[in-house]
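Notes for the one structure printed next.
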Amino acid sequence: MTKHQTAIVGIGQTKFRSKRRDVNIPEMIYEAVRMALDDAQLEPKDIDAILIGNMDHFEGINFSEMWTGIDAAPGYLKPVVKVATGGTTGSSLAICGYHNVASGIYDKVLVIGWEKLNEGGATTGIITAFDPVWERPSLAGALGPLALMAGMYSAKYGITPEQAAKVTVKNRSNAANNPFAHLQMPDITIDYVMSSQVISYPLRLHDCCPQSEGACALIYANETEVKKITDNPAWFHAVETAHYYTFGTDDKMYDLPTATIASKKAYKKAGIKDPINDLDVAEIYEPTSWSELSWTEALGFCKPGEGGKLLDEGITQMSGELPVNPSGGVLSTNPIGATAMVRVAEAATQIMDRGEKRQVPDVERALAMGFGGSLWTELMILGKEPMR
Amino acid sequence: MSRKKKGDIFEIKWKTNLPYRWSIGKLAVKFFEELKENKKILGSKCPKCKKVHFPPRAVCAECLVKMTLDDMVELPPRGTLEGFTVVNYPFTDPSTGGIRPFPYGYAIFKLDGADTYTMHFVNETDASKMKIGQRVEAVFNDELVGDLVADIPYFRIVEDEKEGD
Amino acid sequence: MDKDKVAIVGCAQTKYEEDKIDLTVSELVFEVVHQLHEDLGITNDDVGCVITSSNDFNDGRTIANMAIQDAVGSVRKSESRVSGDGAFAYVYGAMRILSESYDTVLVVSHCKCSEVNQYLVNNSIFDPFYQRHLGLDQVSSAGLMANMYMQKYGISEEQAAKIAVKNRKYARDNPYAHLQKEISIEDVLNSKMMAYPLKELDLPPFSDGAVAMLLTNEAKAKEFTDTPVWLKGYGSCTDAYYLGHRNMTDLVGLELAAKEAYKMANIQNPLKEIDIFEVYDAFSFHELMIYESLGLCKKGEGGKFIDDHFESNLPINKSGGVLSSNPTMANGLIRVAEVATQLMGKAGKRQVNNAKIGLAHGMNGICSQGNCVLIFGGE
Amino acid sequence: MTDDIEKKVYRGRIKVPYKHTAGAYVEKFITEIGKNNKIYGVRCPKCGEVYVPPKMVCFKCFEKMEEWVELGNQGTITGFTVITHSTPVMPLDPPFAYARIRLDGADSDFVHIINEGDPNKLEVGARVAAVFKEKPRKRILDIEYFKLV
């Protein structure tokens, strides 16, 4: 069986903020890279290849990997490749890192997702992701379509704004235990969320994710290298991606079909029959409060329309059967190019039992999700033991 | 690292100004001709699976089959509201470099006869006045120039079916 | 890396042209994907996943690959996008086969240079702090590199012109090539000076085009073709970023990448053991520098090498190279496709007889900063 | 003919006013140029090389660099090209030269403009001096160009 087992052995994250006034792009990324190297106790020369990505028009840097790969990461005289696919950039990089090592081409790979979002602006950048003739003139970035989705979802299943607000309350109080999170609100209340201004009906300000600046770095190794590095890695059990039509509006825009497609395949590969019992923690990509409810349904955590009930019953709370987003999720931290990779980093942190105050007890299997593009989903399942 | 106040961030500015000349394809050329000359809205229908696409395009994703000018079909300028919002936040429009005027109504609807949905401006900025299932109708500018947003500045909510012709 | 194998079983290219004004990017990509399906007699269901390569600045669209989901058939399927030269997308595709995740992988790369000012796209590669405001672009950087190389090793403009003449002559036998009019050394020397010593004909055109290929594992290869092209060696290396920190008289990054690839394919004497080369000739002098970095001749002797081989139907860039066709982001994957076509014996008038081993070279960034070298074998 | 082309295309722009946080190294370098007409490099503690323009990390050793080194405003040309094509982002009209300049005291080349349009007047090894802008605008062009001395 030539396929190599692949594991995460080093994690680095910056403290995410809305504006990093103290560092420029490479200096910010260097923080996460240095932390990941120190975490894995590896020297720059030990890295065989570097994968680094962000979304070009957010900072206006073409071939940004040629700059950041050299000035922020140990890419000099090494392979440096950029993978970028939208909100899923972080998970696409993480999955590409998996194939780099599992294929046997490289033994140890450094994977970096980053965004310095407020140098250009999220909505401005996101609008450039859509068709210039048919979509861009009226599109208001991601929040417009996400608002339409929230409205259709709540109308179809009778989900209330309060149930949605509970997601923000859950995630931003979780974030209080996550030193890297951008928005940390230990005593946030439903009322606080409900009283925030409606910025795109039905989305209130605190139903929506922030714009953050920061970077996330992961170091991967194959089974022989892992032995020399750590006895507490996070093993890859499954990686899966499902893309959709070019135009997001070619299909109804709720129930996220790609999450259903990708999760079925990923669960099959990882031997997961019932996600609630077989998974111990999930880091999912919720750009709005409503999204988490809808995505938990699409991921098969519950039946369609029962995302609100799932949360009300406390199943996705820290004390529930399947805690969702102990890190605080995207509602607390959203550096778009790194966001989906933070999901993987946090899932790996849980597997390694290094979550400290945000640690879910005895995690054996974790799910990490990327979302972006025209309603695409990427999933990674990590485990404490190598996949048999 | 010291927290710098807003004022004294040392920044290097760069205004990108990249002019693009995107090809729109034969079907879109036909679409804008028909819109300008005859106030008609055309979609494209896959010859294999018969799926009617709006906006019109040359590739059916289901069958990976080409759609040509012969596969274009006329769609009524009316549809059913599937979802709506009122965009009420400021942002720089990357096409102009300026702030796009807001608030503005924005909706997703399905044109009668189409199998795909469409997002466009609507002339309502009070969300409480909009309801899924309402009928919407394209409002054409007086003088048509062959540009989507110029020629159809918005769809309007049709109060009741009788009123819409 | 002998047991685990990955094969190219088929490739398709568009004709490269200055302005495919009637085709959207989706239609351009669909042309090669549809052609590949027809050539191999397959449908979208035979494709495990898709790896694409495109550039957000060139396409004027963040997530440029979103525009081609329908065309590559990745609806409800796994697709990922290398935001770089197509050769690097081939490598990622090969990795997805070698990791035993998929039996077949479709790799596609496209570029329409006609839709945006290429100088502005290339100026955007430079960092906004120290280089971009200077107005640098791919031509001025190439001029700086060409002049430093010329002055250090005493290379002549005539020797560089021979590269343009050779590649444009070869392009006549390549039905896909963009520029198919032969030129003389005088034509090159008399063409308009752009960035001393580079003149217009020392530099590539700007082209529109796309290329696609299907990769399979060893078991599946026979289902599709009896002339699979196997990956034998691969190396990749990135040089310094800031132009002032880079060795601009020798392609250090390419040299290291080539050494790595040769080691994997256990090649000792590239000139003798490799039958066909497709290199990324970003400008005339560049191909001379590439000869040296690939170890086809000694340092500084690129000029002498072309003098010695100019008349001898050198099996380097029989496709006409980038100097004849330059849909920038697809150049690396075109190199791979051309080597594969040669090794499959399907190169028609430009076929190098019984070519067994081929080398393809992909490049990212300004002046060969990012390099990947791939060695392929026919059996 | 042209309106035939215009019908086939959609013309638009990507116009975004980016504001890039400079960071301590870029800020000091650009400020010293603007305020004191001084050019600074930074030395890597591991390989000892003085890099200009300065940045936080030595890309060869991947070490943080903290030691500032004041460099001369003059240097020698190590490579050049003369530009005779023009683009919308060029700061001056061609012909002019781009050059790699080894500033006195530096171990790496600095890339900038020389206000000389004739290649015969330029050669590797020639001495050049920085000409500073009257009114600096917080960018690399606060050195307006280098001139042959």
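Quick notes on this structure:
Think of it as A, B, C and D in the order they're written, each chain with its own count starting at 1.
Rule of thumb we're sticking to: a contact is a pair of C-beta atoms (placed from the backbone, for glycine too) under 8 Å apart; a residue touches a chain by one contact, two chains touch by 3 or more.
Keep in mind it's a predicted model, so treat the numbers as computed, not measured.
The chain with its Cα centroid farthest from the Cα centroid of chain D is B. Of the two chain pairs shown, A-C and B-D, the one joined by more C-beta contacts is A-C. Centroid to centroid, with C-alpha atoms defining each point, chain A and chain C lie 33 Å apart. Centroids built from CA atoms put chain D at 44 Å from chain B. A separation of 30 Å divides the Cα centre of chain C from that of chain D. Each of the following residues of chain B touches two or more other chains: 9, 12, 14, 16, 18-24, 28, 57, 61, 92, 94-95. Residues of chain C found to touch two or more other chains are 21-22, 26, 57, 60, 69-70, 75, 117, 120-121, 124, 128-129, 132-133, 240-241.
Within chain D, contacts with two or more other chains are made by residues 8-10, 12, 14, 16, 18-22, 26, 30, 59, 88, 139.
With chains as nodes and touching pairs as edges, the resulting graph is complete, every pair of chains being joined. Across the complex, chain A is touched by residues 1, 3-4, 26, 49, 55-57, 60-63, 65-70, 74-84, 88, 91-92, 94-101, 121-122, 124-125, 127-129, 234, 236-241, 252-253, 256, 364-366, 369-370, 372 of chain C. Taken together, the chain B residues at the contact with chain A in this complex read 1-4, 9, 14, 16, 20, 22, 24, 28, 53, 55, 57, 61, 82-89, 91-95, 100, 102, 106-108, 116-121, 127, 132, 148-149. Per the touch definition, chain A reaches chain B in the complex via residues 19, 21-23, 57, 60, 121, 123-125, 127-128, 132-141, 143-145, 147-149, 151-152, 155, 197-203, 245-247, 249-253. Against chain D, the residues of chain B that register as touching in their complex are 9-24, 29, 32-33, 92, 94-97, 146.
If you check the complex, the residues on chain C that touch chain B are 20-27, 30, 33-34, 37, 43-44, 57, 60, 69-71, 73, 75, 112, 114-117, 120-121, 124, 128-129, 132-133.
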